[in-house]
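First chain written, first letter: the chains are A, B, C and D, and each begins at residue 1.
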Amino acid sequence: MGIFLTLALNGIVNGSLYFLMAAGLTLIFGLMRVVNFAHGGLYQWGAYLATFVFATTDNFVLALAVGMLIAIILGIVMERGLISFVYHNENGQLLVTMGIMLILTELIKVPFGPSELSSNTPTDLSNSWLVGQVVIVQYQLFMIGASIVVFILLLWILHKTRLGMIVRAGVYNPELVEACGIAIGRVFTIVFALGAGLAGLAGALAGPYLGAVTPTMGFDMQLSAFIIVVVGGLGSLTGSFIGSMIIGILTAVVSFYFSSLAVLVNVVVMVIVLLIRPQGLFGERESAT
Amino acid sequence: MTRHTRQFGPLLLILVVVALVPVLFGVGGITNLLEQVFAFALFAMSYDLLIGYTGVVSFGHAVFFGTGAYVVGIFLAHSGGSSGGLLVGTCVALGMSILLSLLIASISLRIRTVYFAMITLAVGQTFYVLSGSQMLQPLTNADDGMTVPLPVWLTHDRPVYYFSLAVLVLCLVLLRLFVRSPVGLVLQGIRENEGRVLTLGHSVYRFKSIAFVISGLMATVAGILYVIAQTFVSTGVYDVSISLDVLLMTIIGGIGTLYGGLLGALIIIVAQTEFTNLAGTYPIFGRYTILFGVLYIVIVRFMPRGIVGTILESIKRRSGQEG
Amino acid sequence: MSSLLEVADLHVNIGGYQILQGVSLAVPEHAVTVLLGRNGAGKTTTMRSIMGYVRSAAGEIRWRGERLQGLRPYQVARRGIGYMPEEGHLFANLTVQDNLAMVARKSASYESRLERALTLFPDLRIAWSRRAGTLSGGQKQMLGLARLLVAAPALMLIDEPSKGLSPGMVEVLAGALSVLREATTILLVEQNFRLASRVGDHFSVIDEGRTCLSGSMEQLVARVDWQQQYLGLTATREEV
Amino acid sequence: MIEMDLELAHLRVDYAQTTIIQDLSLNLQAGVSMALVGPNGAGKTTLLNAISGHCPVQAGRVVFGGHDVTRWSVDRRARVGMGRSFQGIHLFPHLSTLESVTLAIAAREGTPTGRLFSRVPEQWQQEAHTYLQQTALSHHAGKAANTLSHGDKRKLELAMLLALRPALLLLDEPTAGMALAEVPVMLGLLEEIKASGKYAILLVEHKLDVVFRLSDEVVVLQQGSILAQGTAHDVMADERVQAAYLGGQHVEST
C-alpha cells in the first residue's frame, strides 16, 4: 500500500511536469496547427539556464523566471523568424521545428558541455514528511501546485479573458478573426510565447526534481509529451491534463517494477487509445475531407 | 536509345568508377567509408519512398534499419558467423520488418500525418530502449553492443565492398521499377491529390501501406548492409539521431527524386567523418549537429526540392524552352 | 455621388488560375450595391480581394482614395470594412454573446449598438448563451448581420446571406437588410434576384471574372434580356 | 448484367447541426440522365456527396446496383461504378494528362499488388490515349495538368471519369467557370456521352440551357427536399419551381 501511494504521488509529480509541456504543445497546435518538434529544446534551455542561475545566485525565483524568459525569447524568435514561413506547409513545419530542436539540443552543449550538470533543490523546499508509509517531499508538492495553478490560469485565460476568446475563435476560424480587425499574427506569437514559456518553466522545475540536467532531457521529455497529447487529444487542454496524469502514473509504476520499459508501456497505451479513439480521449474528430 | 543513354549513362559511369575504387585506391579507409555510404544511401532512398511518394514524414525510420542490423547481428553472433545464420537472419529481419510496418501502418496511416511523425518517433524510441534493456541482455548484450562475426567469404574488405555495392544496385533497380509501376503511379497520385485518388476508387490506405512496407524492407536491408560493413551493432542503430540524419540526407538530395538519397548520403557521411576528424584538433567541430539543424531549415526554406530535384527542374525547364 | 470604395480592373490569380480578369466596381456611399453573376463568376473572390485575403495580380482597390492592396485583412477591417462571408461567418464554438463581443471592445457605444441589434433580432437575446453552432440557419444569418451592426463599419461586405434560407426567412432577411442600409453602405453578393432587386440601388454583373455590366437596379429590373443573358435567368414560357 | 440503378430512400444529411437534406427519396435508372436544379444552398452538391460517400448520411439508404452502399467508403463506391466530378478543379497538378487518365484506368483495373515491380501496361497507355482523343485532349498528352487551360482541365476531369467506365456519372456543374467559347465543346462531349446510353447521369447544373440539352428528367431541390420532378419542360412550367428556382421574378414578359 505504501509503495502504491508513493508511486501514485511520484506519478502525479511526473504528470505535473508532463502537463506543463503538453499544455504548451496543445495550445500551439490548437491555434496554429503547428506541432512543435522543438518544444523539448525550449524545455532543455529553461532547465539549463535555471540550473545555472540558481547555482550562481542561489535565488530560485530568479532561476524560474530566467528559465521561462529564455524559452519565451527563443519561442518568439522561432515563431517570427522561422515558423511563420511554413504555416501552411505541414511537412515543412515538421522539418523546420525538428531542425530547430537539433540546433537547440546541440547548442546547449557549447557553453555547458556535453555531460550532465547537477541541479540543486532550494533549501526552502527541501523539507520532507513521513505520512503513513509515504515520504512526501516539499518540492514535489511545489511542482504539483505549480501545475495546478497553471492549469487553472490557462482555463481562466481561455474562457474568461478577451485574449482567450480570440484564441478560441481563432482555433475555429482564423480568417474571420482577422475580419474582426484583430491581428491574428500577433495572437499567434503571443500563444507561441506562452507555450514556450510553459516549456521553459517545466524545464526550470525539472532540474531540481531530476537532480541533474542532461543533453538528452529535451528529447526524452518531448517524447512523453507527444504521447500525452496523442492520448489526450491534440488541441485539448483538459485532455492534456488527464493524459499527463495517466502517463505520469504509468511511468512511475512501470519504471519501479521494470526500470527502463516505461516508454514501451506508454507507447502501448498510445496505440490502444489510437485504435479505440483515433482522435484521442478528448480530441475532436476531424472530417476526412 | 539516345534517351536511355542520356538517362542511364551518367549512372553507369558512376557505377563503374565506384566499382573501380578498391582497385585504384586500395581497401581500408575509403572502402569502409563507401560501404557506410551504400548502406545509408539505400536507407535514404527507402525514406524517400515514404516522404517523396506518399507525403508522410516519419521520425522513426531507424526502427527498420535497426531491426535489420540487430536481427542479422544476433543470428550471425549466435551462429558463429555462418552463411546460414546470415541467410536465416536476413529472412527473419525482412519478415519482422513487414509485420512491424503493417502494425505501424494500421494504427497511424488512417489518421493525420502529424500523428504519424509523433507515433514513429515514439515507436523508434521504444526500440532504442528495448535494444539497450538488461532484460534482453543475453540476446543483444544490452548497452555494450555486440561484435558480429561474418561468414568466411565476407571476411575481407573487398568482398564486403562488392557485396554491399551489388545489394545497393539490386535494390536501386527494384526501387526504380517500383516507382515506375502502376502502384508507383498511384502513390504519385496520392502525393498530388489524395482525395481525388480515393474518388477514383483506389484504396489510399492500401497503397500507403504498400509503400510503407516496401520502404521498411529497403531500410531493413540497409541495416543489414550496415552491420556487415561495421561488424558491430549497438543501440546507436535505433537512435533517433540516425532517423534524423537520414531524413536530412533525403531532403538534401531531393524529396521525390529517388536518386537524391545517394548524393545526400555521400554528403552527410563524408561531412560527419570529416567533422569528427577535425573535432580531434578543434573541439567545436564536434558540435556539427548544429550545422545539420541549420541545414534542415535552410533546405525547407530555400531549396525544397533538394540538390537533385533542383537540377532536374532546371534541366526540365531548359529542355522545355528548347522544345 | 461619391464612391467609398473603388475597384479598377482587378486581376487575381489563384493557384495558376485566372479567377478575376478585369473586375471594376464603384461602391457609392449610403447605398446598396449588388454584385450579381453566375456561380464561379468571381463574386466571392472580389470580396476576398477587397478584404486582403487574396493578393491581386493587377488593378487597384481604393478606399476613400487610399490603396488597400498590401494591407493585411485586419488592417482593412480597422479602416471600417466589415465582412460577412458566405460560409463560416460566425464562430460556431463561441456563444452568441462572445460572437458579438469579438467584433469590438466593450464601450458605451458598443452597448448601444448591441441593444439596437438585439432589438432588431430578438431571437438572439433568447439564444444569448447558446453556442452559435447550435442555432438554426436563419438565426445564424441574423447573428452574422448582428455582428456587422455591432461592429458598425462604414462599409459592409455581405456574401449571399439568403443562401439556404426558407422563403419566410428570406423575408426577415430582407427586412434586416433594409434596416442595415439606413446605417451604412453595403456591397452585397446575392443570387436571389428578387431579394437583390428589392434591396439594391445599384448593381454590377461579373461574368467569367470580368465586370460586364453595371448600372442602377431599376435599369436591370426593366431589362429582362440582360437578366437572361448575364444571370442565366432563362425565360421558359415561350419554350413551353 | 446487373442493372446499375441508383435508389435513394428517405435520406437525411446533417452538416454542422443543420439538416441539409431531409427525407429525400429518388430513383435513377441505368441509362437515364437526370438533372438536379434548385437555388443555391438547396443541397444539390450535398446530395452528390451523400451518394458518392463524401459526406456521412444520418438516416435513410443509398442503394446502387443492388448494393446498400450507405456505409461504404468513397473508394469502395467508386469501385462498383460511381464516377464523380467536382465543382472546382480537382486534379493531379504535376502529373501529365496521360498519367492522370492512366491512374483512372489503374483504379478500374484494381492495380493488383502482384505488379509491384512491373511497368505500367502498354495497353493502359493506349487506352488512355483514346480517352484523351475522345475529349479532344490528344495534343496535350504529355502536359502537366496544372498547365492546361480551365476548359481543358474540365475535359481532363471528364476523360478520367470515362476511363473509369462507371455505370453512374455524378457531375457537379461540368461547365462551371468555363470561358463562354469553351462551353459548347463541353456540351457536345456531354451530349455524346448521354447519347451513348451507357451511363446513368446525375447532373448538378445552374445553366438551364445545359439542363434542357442534357437531361431526360429534372429534379428540383429546395431546402433539401424534392420540390418537383419530371421532364425539363413540365418542371420549368411549374409555378412553384419558378418561384423557388428563379427567385420568383416574373418571366411572363418573354
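Note that in this section a residue touches a chain if its C-beta (ideal position, glycine included) is under 8 Å from a C-beta of that chain, and two chains touch if they have at least 3 such contacts.
Just so you know, these numbers come straight off a predicted model, no measurement behind them.
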item	value
Subunit D and subunit A - chains in contact with each	B, C
Chain of greatest Cα-centre distance to subunit C	B
Between A-B and C-D, the pair with more C-beta contacts	A-B
Centre-to-centre distance between subunit B and subunit A (centres being mean Cα positions), rounded to whole Å	32
Computed distance of Cα centres, subunit C from subunit B, in Å	54
Intercentroid distance (Cα basis), subunit D paired with subunit B, Å	43
Multi-partner residues of subunit D (each touching 2 or more other chains)	54
Of all residues in subunit C, the ones touching two or more other chains	92
Overlap residues in subunit A, where contacts from two or more other chains coincide	289
Subunit D partner contacts - residues on subunit B that touch it in the complex	174, 177-178, 180-183, 185-186, 188-189, 192-193, 195-204, 210, 214
Sites on subunit A touched by subunit B in the complex	29, 35, 37, 82, 85-86, 89-92, 94-96, 98-107, 109-110, 219, 223, 226-227, 229-230, 234, 258-261, 263-264, 266-267, 270-271, 274-275, 278-279, 286, 289
Subunit D residues within the subunit B interface of the complex	52, 54, 73-79, 84, 90-95, 99-100, 102-104, 106-109, 111, 113, 115-121, 124, 160, 164
Parts of subunit C lying in touch with subunit D, wherever the complex brings them together	15-17, 38-40, 92, 133-134, 136-137, 160, 163-167, 191-197, 208, 224, 227-228, 232-240
Residue numbers on subunit A that touch subunit C, as the complex places them	162, 165-166, 168-169, 171-173, 175-185
